[in-house]
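Several structures are given next for inspection.
After this come two complexes, each holding chain A, first together with chain B and then together with chain C.
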Partner chain A sequence: MLVSALNIVINGLLLGGLYALVAMGLNLQYGVARVLNIAHGEFIMLGAFITWAMYTKFGINPLLSIVIVGPIVFIIGFIIQRTLFTSLRTSAPSQPAFEGSSMLASFGLLFIIQNVALIIWGGDMRAYSYYNFGINLGGAVFAANRLIALIFAVVIGIAFYIFLVRTRIGKAIRAAAEDPTTAGIMGVNINLVLALCFGLGAVMAGLAGVFLSMCFPIYPVMGLEYLIITLIVVVLGGLGSIPGSFIGGFILGLIGSAVSSWQPSLALAAYYFIFMLLLIIRPKGILGK
Partner chain B sequence: MDIIRGVFKMPRLWWLISLILLVLLATLPLYGSAYTVILITAIIMYVILTVSWTMFFAPTGYLSLATAAFFGIGIYTMAILGEQLPLLPAVIAGGLVSFVVALIVGAITLRLRGVYFTIFTFGLVELIKHLLLFWEINVTGTRGRFVVLENNNTIFGVILGIFVVLMLTYYLLRRSKYGLALRSIGENEEAAAHLGVNVNLLKVFTFALSAFFMGAAGAIMATRWTYVDPYVAFNVLHSFLPVLMAIFGGMSQLYSPIIGAVIFAYIEEQLLTRFPEYFMLIFGVILVVAILYLPNGLVGLVRKWWQKGLREENVNS
Partner chain C sequence: MLDINHLDTFYGKAQALWNISLSVDKGEIVALVGSNGAGKTTLLNTICGLLHPASGSISFLGERIDGLTPHAIVELGISHVPEGGRVFTSMTVRENLEMGAYTYHAWKRKDETIKQVYQVFPVLKERERQLARTLSGGEQQMLAVGRGLMSRPKLCLFDEPSYGLSPILVAEVFRVIKSLREQGITILLVEQNVRQTLEVADRACVLENGRVEVEGACDRLLTSDYVRKAYLGL
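So, the complex of A and B:
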């Protein structure tokens, strides 16, 4: 009983770390650039597939893939924000109109990226084995690669938070999130900051994809499933609150692992149920303003 | 030019044109091939989904992605009731079940604004799909269901009937004071509430009304597919295509979503048969391009050119 409880907690934390990382990325994009990026899950998929391809074709260590995946998804995200979303933002009559149109455009991106991936890699499930041996912690057994994934996810998450709080660019980002117009008047290059945020958000999804590919099988349409979980985490933590997403990720990971241990096929339904309850009781989330 | 402009303002002529088109459509099985009937059925299905989606979105500005959920509920209602009930009552039952579900969902969620509402409705499709899958695997032990097969011409007749009822409903809604109240919600919800508009009731009812038509369309289309499972019935594409078609055609006029849906559904049929593996890719590209360059839809674009042409004409004369 105790061991199974420990198992649930450890599995939940391992899963939660990845959720937290992805959710922070999405929240950065929504909180600052005001784009609810439905294509966010596709960056996870891209990160996972690039890592898989590098490992199986050239034998590159998945952890080294971080330095390959990071820049690639950053550039893609940066360009998308500078072209598509900037032109939508400047032509939109109002903030809600922009949020609606950019969300729909990101649905379009989802279909584009997903189907390009399907054409390149085919629809099969892929997996590789990396640090795939068991670690025993007080009776609970889990794979070593998942612990690596958790550590990296937490380190990246905290490093990003420090970047946001301590550096000048971080300050500019926070200013842009508060009030883009005023921040612009104060000398913040708003288009650059928004594109930077979008790129960084994509990087977090891409890196989460790197870690995911070490632990789970991957497939080109995986993005949507993770996106839905991510949306729930972001709403749970509070739209626009980066620490909220971090905490929300772990909470949802724990809930998911508890439900999975009881009835695996209901995990996703449980997420929705929580999500619906949350939207009814407290739509602004745990740390939302 | 004045004559043409006058023609556009003659409601009686519009009724006549609509009536002629309707008679042409209704007699289609007499002169059209079986393929044409099936193609037009598919197109009308999309028109129904698009118009009923627009009916709620255009005045209120609430972007729902639950179309696939209500459509799927209609499909499953037909799969379950199709053997016990005659066709028409089963179709109406499909609509009514969707209507009731939408009432409940709407009552819970329509307090949510903007993106929250959209995410929620999107999640709804997946939630119902997963619960059904769970139910089928663990309770009934089956996967999917067979539906009573219907004659193509019967299906065509029923779907045309749904379309006519929908258009009349939408027309009356736009003309009535309820339509005006709905639009006031879209403009400024607080102000509308202060003016004595029962904001919540009106939103929930219109949402449910649009769901009724989606459900009815799902129920009749189920008889064409003969076999359904949760993946077929609750395909998220049925949530997105109506949005895309409405954006593509525009939403300002009664007829603009119809035009978007007809053109787009036809393109979709062609793409699906010729380039099935590229269909979704092209779909994504069109979605992005339409949002970027067609803010008022195709109809909006044509009207803009039209008005520009008129203005230049006036300058010249």
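So, the complex of A and C:
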């Protein structure tokens, strides 16, 4: 009994770290650039497949892939914001109109990225084995690669938070999230900051993909499933609240782990249930304003 | 220092400014007055790059600035205290001031500048670590003025800095504006307190329906029949 409870908690935390990382990325894109990026899951998929390809083709250590995946998805995200979303933003008559049109555009992006991935990698499930031995912690057993994923997710989350609070650019991001016009008259280059946020959001998804590929099988259409979970985490933590997403990721991970231990096929249903419940009782989320 | 020539600004198809010409010389306080909806905020927003004029030109220190982005204009030495203050409510008082010093050159001297702003507004130092949303309306307004000084500007655009302040604080804001001029900062001031404004400013420009109605030295305007009737209620 005690061991199984420990198992649930550990697995929940391990899963939660990944959720937290992806959700912080989505929240950064929505909270600052105001793009509800439906293609966010595709960046997870890209990160996962690049890591898998590097490992199986060239034997590159998956953890080393961080420095390959990070820059690649950052540049893709940065360019997408600079071109597609910047032109949508300047042509939109109002903020809500932009949020609508950018969401639709990101849907298109989802299909483009997904199809390119299907052409390159085919539709099969892929997996590889890396640090796949069991670790025993007081009776609870889990794979070492998942612990690595958790540690990285937590370190990245905390480092990013410190970046937001302490640095000049981090403060500009927070100011731009609250009032981009006024941030502009303070001297902030708004288009650059939005592109930076979009790129950083993509990096968080891409790195989550790196860790995910070490722990679970991957496939080119995996993005959508993770997107839905991510949206739920973001709403749970509060739209626009980065710490909220971090905490929300762990909460949803724990819930998912508890439900799965009882009835694995019900995890996603439980997420939806929480989502609907939340929209009714506390739509602004745990830390939302 | 600032030269505005034959400026027209539109919101979509609606014209808000018509053929505005105005110049501000170095070291001057120039007041911009006029009734609600006259176009004062629109003019300041066009100068600071938030709006782009359909025709006409704006030059600052001899350089054309219409067409530049707001962040490029701040770099040249123009700061803008927007209507209503618009402080960053989710950031602390100190962080708001730091944001005012965002430009590359101002950032290097921000700690020194913050000390100077705290001398002008001691209440901001007391509230340093508080979130700006927990400040009173008047304190937020002072924070907005302080933040506007953080970029060490050559020209300050103030949009109703005394709005919503008690008479004592209004006097305080006017005192600060006068002391800024003594430090060599040039000021373009939008105000509703017409009498007090005309007393501190050197020159004033009266806008009506997006057009310059009268312009001239303040002592002359204070005695002009038009201004006395329309704005001083005499």
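By our rule, the second predicted complex is superposed on the first by the 289 of 289 C-alpha atoms of A that agree within 3 Å, B and C clash if a C-alpha of one lies under 4 Å from a C-alpha of the other, contacts with A are read in each partner's own complex, and residues count from 1 in each chain.
As a convention for this text, a residue touches a chain if its C-beta (ideal position, glycine included) is under 8 Å from a C-beta of that chain, and two chains touch if they have at least 3 such contacts.
Not measured: the values here are computed from a predicted model.
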| chain B versus chain C as contact partner of A:Ile75, first or second or both or neither | neither
| message | On the A-aligned overlay, A:Gly100 touches which partner chain: chain B = first, chain C = second, or both, or neither? | response | first
| said: Looking at A:Glu178, would you say it contacts chain B, chain C, both, or neither? Reply first, second, both or neither. | reply: second
| message | Between chain B and chain C, whom does A:Gly187 touch in the aligned arrangement: first, second, both, or neither? | response | second
| query | Where does A:Arg168 make contact in the superposed view: on chain B (first), on chain C (second), on both, or on neither? | reply | second
| query | Which of the two, chain B or chain C, is in touch with more residues of chain A? | reply | B
| said: If we count contacts the way the header does, which residues on chain A are in touch with chain B in the complex? | reply: 30, 36, 84, 87-88, 91, 96, 99-101, 103-105, 107-112, 114-116, 118-119, 228, 231-232, 235, 239, 265-266, 268-269, 272-273, 275-276, 279-280, 283
| said: Per the contact definition, I'd like the list of chain B residues that touch chain A in the complex. | reply: 61, 63, 108-109, 112, 114-116, 118-120, 122-124, 126-127, 130-131, 133-134, 137-138, 240, 243, 247, 277-278, 280-281, 283-288, 291-292, 295
| remark: The answer for chain C against chain A in the complex is residues 48-50, 69-71, 74-75, 79-80, 82, 86, 88-91, 95, 98-100, 102-103, 106-107, 147, 151
| said: Show me the residue ranges of chain A that touch chain C in the complex, using the header's touch definition. | reply: 168, 171-172, 174-175, 178-179, 181-190, 289
